[in-house]
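Please find the structures below.
Next come two complexes built around chain A: one with chain B, the other with chain C.
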Partner chain A sequence: MHNKEKHIVIIGGGTAGCVAAGRLAREGYRISLIEKDKKPGGKINNWYQLFPDRRRSVEVTDYINKEIDHPLIDLMTGTELDKVKYKNGKFSISTGKSDLGQADAVLIATGFDLFDATRKEEYGYGIYDNVITSLDLENMFHSGDILTTKEEIPKRVGIVHCVGSRDEKVGNFHCSKVCCVTAVKQAIEIKEHIPDSEVFCFYMDMRMFGPYYEELYRESQEKWVVNYIRGKVSEVSENIEGRLVIKAEDTLLGKPIRMEVDMLVLMVGMQNAKAGLNLQDKFGIQTGVNGFFRIRDNHYGNNLSNVDGLFYAGTCTAPMNITDTISHARAAAVEITEYLSKN
Partner chain B sequence: MKLEGKKRIWSEFQKEIPDDHFFYVRSCIRQSFFPGSEQFFLKVLKEDLGKDIFEDPNHTTCTGIGYHGDVVQFDTIQTVVARHFALATEHGYKDVVISCVTSFGIYEEIIETWKHYPETLEKTRENLYKATGRVFDVPDSITHSSDIIYKFKDEIAAKAKFPLIDHVTGEPLRIVEHIGCHYSKMFPKYGVGGAEFPHVLIGMIEAWGGEVIDYPERRHCCGFGFRQYIVQANRGYSLSNSRKKFVSMQPYKPEAIIANCPGCTMFMDKWQYTIKEMDGMTYGQHGQGIPVLTYEELAGIVMGYNPWDLGLQYHNVQSEPLLDKMGIKYDQEEKYLTKDGKKLPVPKDLINA
Partner chain C sequence: MARNFGFAPIKGRVIDFDRNDKRVFEYVLEREPSFALCIGCGGCAATCSAANFTEFSLRKLNILIRRGENDEVRKIVDRCMLCGKCTLVCPRGVNTRNVVFLTREAFEEFDNYAI
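Coming up: the complex of A and B.
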């Protein structure tokens, strides 16, 4: 059978889904790319700049859009998968709008959801006015104004790492990997916008795993004088002037600390997307203890699912940065190509 | 501050509170220091709300103070609590209402232990039977007495003669609520409103017309902490925690503190006296102290009960400034008289007296 006669359905039009779609289309496969939002790109559309080089995220969005600009890709935005039938290694798939016919392979690239910060009640997100998330701060960077709810420039900003990550209380044991370096990046951006501000990062461990991350961390301290305090914030409240009062422990000094800040940024972690988890029963796929989709092998099968012909790409399998997501999506394309050449 | 955010949390932490037929267990501290509170609770439930509430004179301390003070073993306290359950079982009650936050936390801890480690339940049954010949059923529900007042807060509001409103200005009175660590910090699911923004006292205060103050040290422990005050050398730690709260709430000009826990009520009241003796500081308005009331005492004055029948005169910080704000009339001559007209000794150096 010629490649063009083979049909692949990709669920999720974020970074992973789009990159894999582009690769597979260039191999000559017919692609149905389903995206529930109105436009492709996924979470990156919400981000302002990317670590470690602080490039504008729109440059990566442009790359993604170019990837899917191919006649063999049928991009269906505002669309969600409805029904699936699986027989003899083939999938019959329909959306709420149309029947997609038979697919020879399916790629799940449903990505992640940000942790719901209201679940960490002690931080008061959704209650105290100037407790925001890392995503809220990105939106402020987009708008160009970093202001408190009283429209004042914050002079002192706290950043809390690991919100919803490495946290048994909320059922998330896993590290979300990218929050530490996001905090470093955002701390620098705050200092750029408000040079006379003070920024304090409250961390458990600084996990600078990627290339140039450690350098960015060092720059944040040497050039931008960002303060790093090894300890978790235990509670947040508001004083009579509306400033936030935070309690934490400085584990290096071995002392509890109490501090007032004008704004507190919560580095919300990553969880498997609800939209992805909704597919679990439809496809009969499994999740691991971390809630992400369980890959067939941790070392050489990290795009493979427990269902033949069904593959994974990107952060539906584990927290990843953009670089690793793109690599994972390209690897998925290779796996699918190999699978279809055998079947 | 966004109230909607708190409301969302409150909606997530709503517990099932039984409606009737309660087995009541008293608090060691409350029946000694605030006896009017428990009397009021029983009277309101029986006479005003027409509920069946039963207490057995054979009920004892839960030994919680000894347990948290590290002199009573867990096996022992489980057996003591099992004996309380046996009393409830013998009288045909399945819903236990507890007057003390410490006991409430202990009962929860024990029941949760039994759920997770069923062998400890069997061992406790064996220990109790060997020691007393009694058997017991694990209760259907464990409720704190503030949960019951919370459940009937609107019925109490309907009977209010003196709502929590400044009778001169018409403004709501600003009230501090203090929940007590063992009410919901150990098991948020058992507390009305959870651990971070508990609603049990807020619901009462708002239903009765008051305004709740959310101040920075609201969640902080009162300092009672058994090992703080039992060990004399640690008492300064207990005091400094209460002081931290008073300093934090002072700018909001609270008219009263309403506490959930016997220990918190006692220490937030008595430490104000101690601080005044030590450095002359008070934290209320016009050089006064801040009256500290139990939720039953608050409900009582709202309903128009005689403050001296409620026992407000037995506090260190006297409540007259609050009563005056609410427009409640009281007779100073009756303050230290027994019901049969005998004069009680009048304590010296009380605050607000």
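Coming up: the complex of A and C.
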């Protein structure tokens, strides 16, 4: 195979980067896989169980780790890209630590950051005890204990959808797509951990876009009696007993609703990762109005950037679930293979 | 001469969309294009001082205006105290306060006509 002479740099060792690395290595290309964290796997490492089937996330991380177990993949953790030079379709890339030499193609798979919940001050994250994010709740599932800061079992938990998504006030117009089903999944998990608790989801629209998502939503109602209230939470306060008081409109009844909860979980949305945005000037790439990288065509060019030889995979282009991220990464591998066969 | 038969025709509660007068809607939309952006989340109504005591919901008002249910709009639009909290909350950036203001203005404008 002649492919070995070709070198691809992949930036980001999360789901997308690792899956693409595996595919391309098996095609015979030499891969430099750069990951800023200490280990590969990305955001899934933080998650406990995955929707829609609530499998343990480690099953998917195992798959990802196997993907990158290949002699042609040079995984560099704790490493970030430093300098880039682009000439005649070839990239010269160096990290802070070493010079990676010339790359025939580059794949950006820098993923997403979770929305910083402190920016929605009216929800009280970082101000009131027991206002947590969906990520904080996953950590609680990991530890096995869902407790308030007073180490008490919450009797009632509220879940707020669309925190930092579909919200012009924070500059995020887009829907983060996966938070609705995450809310449903976490509501079920709370009920599973604390069967006599009550869980209330405050939503604007329930977006069950993926296979088995609607079924999970149905299960949450039928088997777990999760409550759904259609109304955006406008503000949260703390009463004298230290319980959280939330205000919303019960829009389907047309009346304001006030409710006390022991714990409030904010479904934080997805934004293009800072680590990715830092590459913008280095590569001369652009973002769309949603802040994610702008792809060349919404239908058939969603791995292509405005720079020849530079490709995208995963959530740096749009919010995606893991299934779609893996598909997108595989598609990127196909695009790169085709590109390198011509160049 | 009208005679009292002891009963009167009941006005149906169906929204007669094709017959309803949309002039108020058009008046507001033309002057405040952000009006079109409402997704009915109810954030405005949740934070509304008037909604705590009266049957006022800006979310509902928005839809009533769109459907041309002007009798109901007229009944509730004066309940707003123009405090503007709803504008601060709205995730779609609707200038809600101006919507109320323009609705009132539209009624004044069209008051010589039967709406």
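To be clear about the criterion, the second predicted complex is superposed on the first by the 342 of 343 C-alpha atoms of A that agree within 3 Å, B and C clash if a C-alpha of one lies under 4 Å from a C-alpha of the other, contacts with A are read in each partner's own complex, and residues count from 1 in each chain.
The rule is simple: a contact is a pair of C-beta atoms (placed from the backbone, for glycine too) under 8 Å apart; a residue touches a chain by one contact, two chains touch by 3 or more.
In this text the structure is predicted, and so the values were computed from the model without any measurement.
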Partner chain in contact with A:T251 - chain B first, chain C second, else both or neither: second
Touched partner set for A:C162, first chain B, second chain C, both or neither: second
Larger contact residue set on chain A - chain B or chain C: C
Touching partner for A:I127 - first (chain B), second (chain C), both, neither: first
Which of chain B and chain C A:S237 touches, first, second, both or neither: first
Partner chain(s) touched by A:T118 [first = chain B, second = chain C, both, neither]: first
Overlapping contact positions on chain A, where the chain C interface meets the chain B interface: 122, 235
List of chain C residues in touch with chain A within their complex: 39-48, 51-52, 55, 57, 59-60, 89-93
In the complex with chain B, residue positions of chain A that touch it: 118, 121-122, 124-129, 235, 237-240, 245
Of chain A, residues touching chain C in the complex: 122, 162, 166-169, 204-205, 230-235, 247-251, 254, 256-257
Touching residues on chain B, where the partner in the complex is chain A: 1-2, 4-6, 8-9, 194-197, 214-219, 251-252
